[in-house]
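Chain lettering (A, B, C and D) follows the sequence in which the chains are written, and residue indices restart at 1 in each chain.
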Amino acid sequence: MKLHEYQAKQVLSQYGIPVPEGHIAANQQEALEAARIRGGKSILKAQILSGGRGKAGGIIATDCPEEAGHAAARLLGNSLVTGQSGPQGLPVNLVLIEEQVIPDRELYLGLLVEPSRKRIVFMASARGGMDIEELAGTHPDEIVSVAVDPLTGLLPYQARVLARALGLSGQLAVQSARIMRALYRLFVEKDCSLIEINPMVVTEDRGLIALDAKVSIDDNALYRQPEIAALADISQEDPLEQRAAQAGFSYVKLDGSIGCLVNGAGLAMATMDLVTLLGGRPANFLDVGGAADELRIRQAIELLLDDRDVKVAWINIFGGILRCDVVAKALLRVLEDRHPAIPIVVRLQGTNDAKARDMLNSGPMTVMLETELGRAGRLAVAASGMTGKKRGAAS
Amino acid sequence: MILVDDRTRVVVQGITGNEATFHTLRCIEYGTEVVAGVTPGKGGSLWEERTPVFESVEEAKRETGATASIIFVPAQFASDAIIEAVDAGIPLVVCITEFIPTMDAITWHRYLQGTDVTVIGPNCPGIISPPARCKVGIMPAAIHMPGNIGVVSRSGTLTYEVVAQLTSEGIGQSTCVGIGGDPLPGTDFARILRRFEADDDTHAVILVGEIGGSMEQEAAAYIETMSKPVIAFVAGASAPAGRRMGHAGAIIEGQSGRAREKMAALESAGAVVVENPAEIGATANRVLSSREVC
Amino acid sequence: MKLHEYQAKQVLSQYGIPVPEGHIAANQQEALEAARIRGGKSILKAQILSGGRGKAGGIIATDCPEEAGHAAARLLGNSLVTGQSGPQGLPVNLVLIEEQVIPDRELYLGLLVEPSRKRIVFMASARGGMDIEELAGTHPDEIVSVAVDPLTGLLPYQARVLARALGLSGQLAVQSARIMRALYRLFVEKDCSLIEINPMVVTEDRGLIALDAKVSIDDNALYRQPEIAALADISQEDPLEQRAAQAGFSYVKLDGSIGCLVNGAGLAMATMDLVTLLGGRPANFLDVGGAADELRIRQAIELLLDDRDVKVAWINIFGGILRCDVVAKALLRVLEDRHPAIPIVVRLQGTNDAKARDMLNSGPMTVMLETELGRAGRLAVAASGMTGKKRGAAS
Amino acid sequence: MILVDDRTRVVVQGITGNEATFHTLRCIEYGTEVVAGVTPGKGGSLWEERTPVFESVEEAKRETGATASIIFVPAQFASDAIIEAVDAGIPLVVCITEFIPTMDAITWHRYLQGTDVTVIGPNCPGIISPPARCKVGIMPAAIHMPGNIGVVSRSGTLTYEVVAQLTSEGIGQSTCVGIGGDPLPGTDFARILRRFEADDDTHAVILVGEIGGSMEQEAAAYIETMSKPVIAFVAGASAPAGRRMGHAGAIIEGQSGRAREKMAALESAGAVVVENPAEIGATANRVLSSREVC
């Protein structure tokens, strides 16, 4: 789960990490008032859960409160399309109005969990302000990483290594050590999966300030982070993804036309890969999960049918715990209720597959049964080509 | 075979739960020797009128000589269950439980440092060894067939798919290990490959990877030194970057997480990389026949 | 550093561990008022830093507030001699007036650092109320110990093991796990060296309550525990030990007549052992420490001279960092200032010892010089026999 | 000799402090190869116009090939210094610093678990090996004499006393190790005895214990298996129970902490136990002559 910038800064602030002074506004009036607190210049930042806001016009420097009010009015209520937001963009419901901070230098400080080291790792670079992936490409030697032992936490000597990487000495090094200890504590106590402060700026009069901040939380730990979980902003999610999340599916909307319903993440990815390899385009990733029962399978099928981009549905189930006949029963029920117009390719293997096939063979003609994975994939792709044209012509 | 054999004695942590009961019965049906269960508060009782339940793993091990544990407890108790098994001296721990917080995994990974314990999972289907008729996991046993091919995978059902393809091609398995889909799995490809390489019963290995992390690249470094053929598939070639694909670990963050990079690393290490997931069995058949492995 | 019972209970209470309701009183009036809050019966407990208060009459059950007031008046301002307090006893400056708690069962729960395991260890027994050393002697099988890994803290499964050792199940086991987690956190966060709750009682209506509590703090960590350090009660220390502590010496008052001044703890103990072996009795353990300079040596010599039990002073220095000539200089200065009446045996070995001996050979006759350890010991013991008689006769 | 020899290259942590400067100069005078110092904020400078100072131990090791470290930093920074040395790959760490909180010691002890690093101290005089003219410590060098007797002790000046007695009896030392007076020293008697037993240059060992803990009893268990003679003294026979005698670890708590119990354990394990601290040298002479060790 990602936090908005303003939420991330609130959390940082709770841990004693300096952030710019700022207020959040949901409409022009609030923005105007917030900017008046600032007095003259301020910075407006659209609160969407995506990077690349600057280039997309989501960050605006203003010279007076009135200008801030107007800029807020332009941003609020509209969608902002960034390089990372997807083509529909994301709705701007809040803007953050902050003081303008004049940086001497821009630094990078990030914390993440590195799978190969199995530790929380600090990444630091004196070249802040640019994307870390980009920095890793152009200046890999200027990123220093330090893995933290969970037994000891960040050690003083490690904080010194990081401060040197950031080019800090004296009081600034002492302040950075304090900030890094606080960040580590925050990361652990709030079950973060990522904290990125980019840029962390050095100011002449106020030392280090976290000018921008990204915080992501480990979804598996939200059960013990009720305060964080309450910060979730579902307006930033695709409606189908919201629905899938509520039903407990792993679902990712993609831009193709073949809706895939699969049990298991690996098989679901392999199904997408096969579709793509055969020249089709998957409309989604959908893993119904190990604990799926008839109701959940029905909900998943309906999710596919409700996606207007889906021209063919492919149900690809390898029955283990989940029995194939349960899937067949769910499908028959949906077919009966909704009489879907799109073709449905069904591939059932494993527990009770013969029984399931018998059930479906006596069902409606829109279901194409195939037991072998490759042939089922070719059926789905072929059907998407046909129906894509047919439906396209009809619309 | 690796990790389990016909002398493996299993303790089931959280045995009295519904899911645990279902799968433990399947393990016993297959032939696994389940010697004990552990459910705090239910020590002294008999599970399904056959297996003694203990208060602690330590007690279970002491009383029954368990050599492996399988964990079915809910996510918030699973890390404690892993460490309890380690402290009790269980050398092989299979953790089926899904959704364990990463911070907990960091702790027990550190705890395992310097021990000889192997943790399979979390969020995995477990281990099955058809020649030993030993299953410490939740995979459907029926699709398996005794043989000489090792399978190691980050997935559940995709492993079943691969195994079913192998079996339908007449290629049996020595041991199939699902290491799980979490970002910090207890063990990794390289360590399992090392065991397969040293195992006389295994003649070749199928590796089923996926996007995210760099475990396939680390495996590739070891594959270069292996004498046995490795056939590899990496799921997620069509997955978009930055999105989590079901498994907590299956997310492309940076170059090394992409399927293309992983496949390239495996291929240049000498593995036969299959692009089409429907052709893994057939490719295995072709490769193994040509190398006269089976 | 030891905490008084009332202080220990305040700390426990801060960590959410249930303790009896109580108030502290420094005089009869306060005791009366505190007992009135209780209403009828209450328990009076003399606050001294020593065990064995019960047998010594320092714990009194009273039936009404007036009785409590009178009992407090009897205790306060007097010294209480217990089996562990030494013959002078310890002054009672405060009494704790507590509610009477009716226990169903008495349990033992302790935490300490076990040197061989290098961990914090929980000790638990269903047989509370008796001394743990005694229990270890009579019922060793009924004490369960659990070592805690600093990486993980007390694990849930370990808390279950301890709860079973305490004979607790159901809600009481859940409460005990909560208490044990809190105790571990307290132990670590406050740098404890010992926490002992004996007895922890099971009550019918209020679950577990810490009826008595001992807490000791690691002296080396007091620099980072200012709140705890402020709780120190020097009234409970011997005046000479107070003075030594202020000067930074390791000093323990003993009941003999040969005052020993040594550099290094091991050599200081060996010096005492040698004195004892030769039939003498050491008046003290005194290690001036590695960083001693002339001033500190002078302070140490004066400490010996000010101890009225000291009939002979033995200065036993093995010069390493500490130069023997510095010791000689300090001694000559004290001799000049105070002209002590008691004999002084001086044994100087190591750095600059020849120079030091030259300095002392031209000094006053009360100094007996000897370089070999055994002979120096015999001189000191012999002198104590003579002067003991002489001074005894003179006084 | 054990732990140090004439190839030992020492880095001094906290070299620019007064005490560190004094003792480092003494080490160099004796013959120790001090190759680097570390003081954060002073990296790049030269200590006493001769030895390079670095910002970190890692850098010092990389640049100078240091193989041992000696720590003089204040107590509140000492645990960090120990772990920094371990992380830098220094296999021998001598910590002179006194007054380290026990909670910190618990942490770095856990950190050392599963590593091959030896920590001598804290609160110790260090190590000296007269035949190698290598001193990594603060003991007065002049009292030592090259020879074949190993000395291991929990004390500082009492060790000097014992060594001076040995030297005056004409008995030289292979290596003298002060493991320190803290309750949780980095290493213990048994581990040092094991090294002496394996060391061809050492023919017998003097062990100087004291009250508190049970390290002498653990040593006794090993002494039973030793081929070389051990002469032991335990300080604190006349100390009262429950009082801390200078050293944080020297306090009698329970039976096993008493000198009498320790002496009995050592004696029944075959060590020659000396009661009179003034007779350790003479006893050594007698024992060693009779066994023809020297």
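By definition in this document, a contact is a pair of C-beta atoms (placed from the backbone, for glycine too) under 8 Å apart; a residue touches a chain by one contact, two chains touch by 3 or more.
As the structure is a computational prediction, the values presented were derived from the model and not from experiment.
Peer 1: Farthest chain from chain D, comparing Cα centres?
Peer 2: A
Peer 1: If over half the contact pairs have to be identical by residue number, which pair among B-C, A-B or A-D is the repeat of C-D?
Peer 2: Within B-C, A-B or A-D, the interface duplicating C-D belongs to A-B.
Peer 1: In terms of C-beta pairs in contact, which of A-B and B-C ranks higher?
Peer 2: Result of the comparison of A-B and B-C: A-B.
Peer 1: What whole-Å value do you get for the distance between chain A and chain B if each is reduced to the mean of its CA atoms?
Peer 2: Centres of chain A and chain B (C-alpha means) sit 28 Å apart.
Peer 1: State, to the nearest whole Å, the distance from the C-alpha centre of chain A to the C-alpha centre of chain C.
Peer 2: Each chain's C-alpha centroid was found; their separation is 59 Å.
Peer 1: Go ahead and note the Å separation of the Cα centroids belonging to chain A and chain D.
Peer 2: 56
Peer 1: Could you list which residues of chain A touch at least two other chains?
Peer 2: Within chain A, the residues that touch at least two other chains are 149-151.
Peer 1: Where in chain D do residues touch at least two different other chains?
Peer 2: In chain D, 107, 110 touch at least two other chains.
Peer 1: Graph shape for the chains shown, where an edge means the two chains touch. Line, ring, star, complete, or other?
Peer 2: It is complete, because no pair of chains fails to touch.
Peer 1: Provide the residue numbers of chain D that touch chain C in the complex, in ascending order.
Peer 2: My answer: residues 22-23, 75-76, 98-103, 105-107, 109-110, 125, 138-140, 142-143, 153-161, 164-165, 181, 183-184, 208, 210-215, 218, 233, 235-240, 242-250, 254, 259, 275-279.
Peer 1: Using the touch definition from the top, list the residues of chain B that touch chain C in their complex.
Peer 2: 40-41, 55-57, 77, 80-81, 83-84, 87, 107, 110-111
Peer 1: Going by the contact rule set out above, which residues of chain A touch chain D in the complex?
Peer 2: 149, 151-152, 155-157, 160-161, 164, 169
Peer 1: Which of the residues in chain C end up touching chain D in this complex?
Peer 2: Counting only chain C, the residues touching chain D are 84, 113, 115-116, 118-120, 133, 136, 149-151, 188, 191, 193, 218-221, 223-224, 250, 252, 254, 262-277, 282, 285, 287, 290, 318-321, 349-351, 372-374, 377.
Peer 1: Where on chain D is chain B touching in the complex?
Peer 2: 113-114
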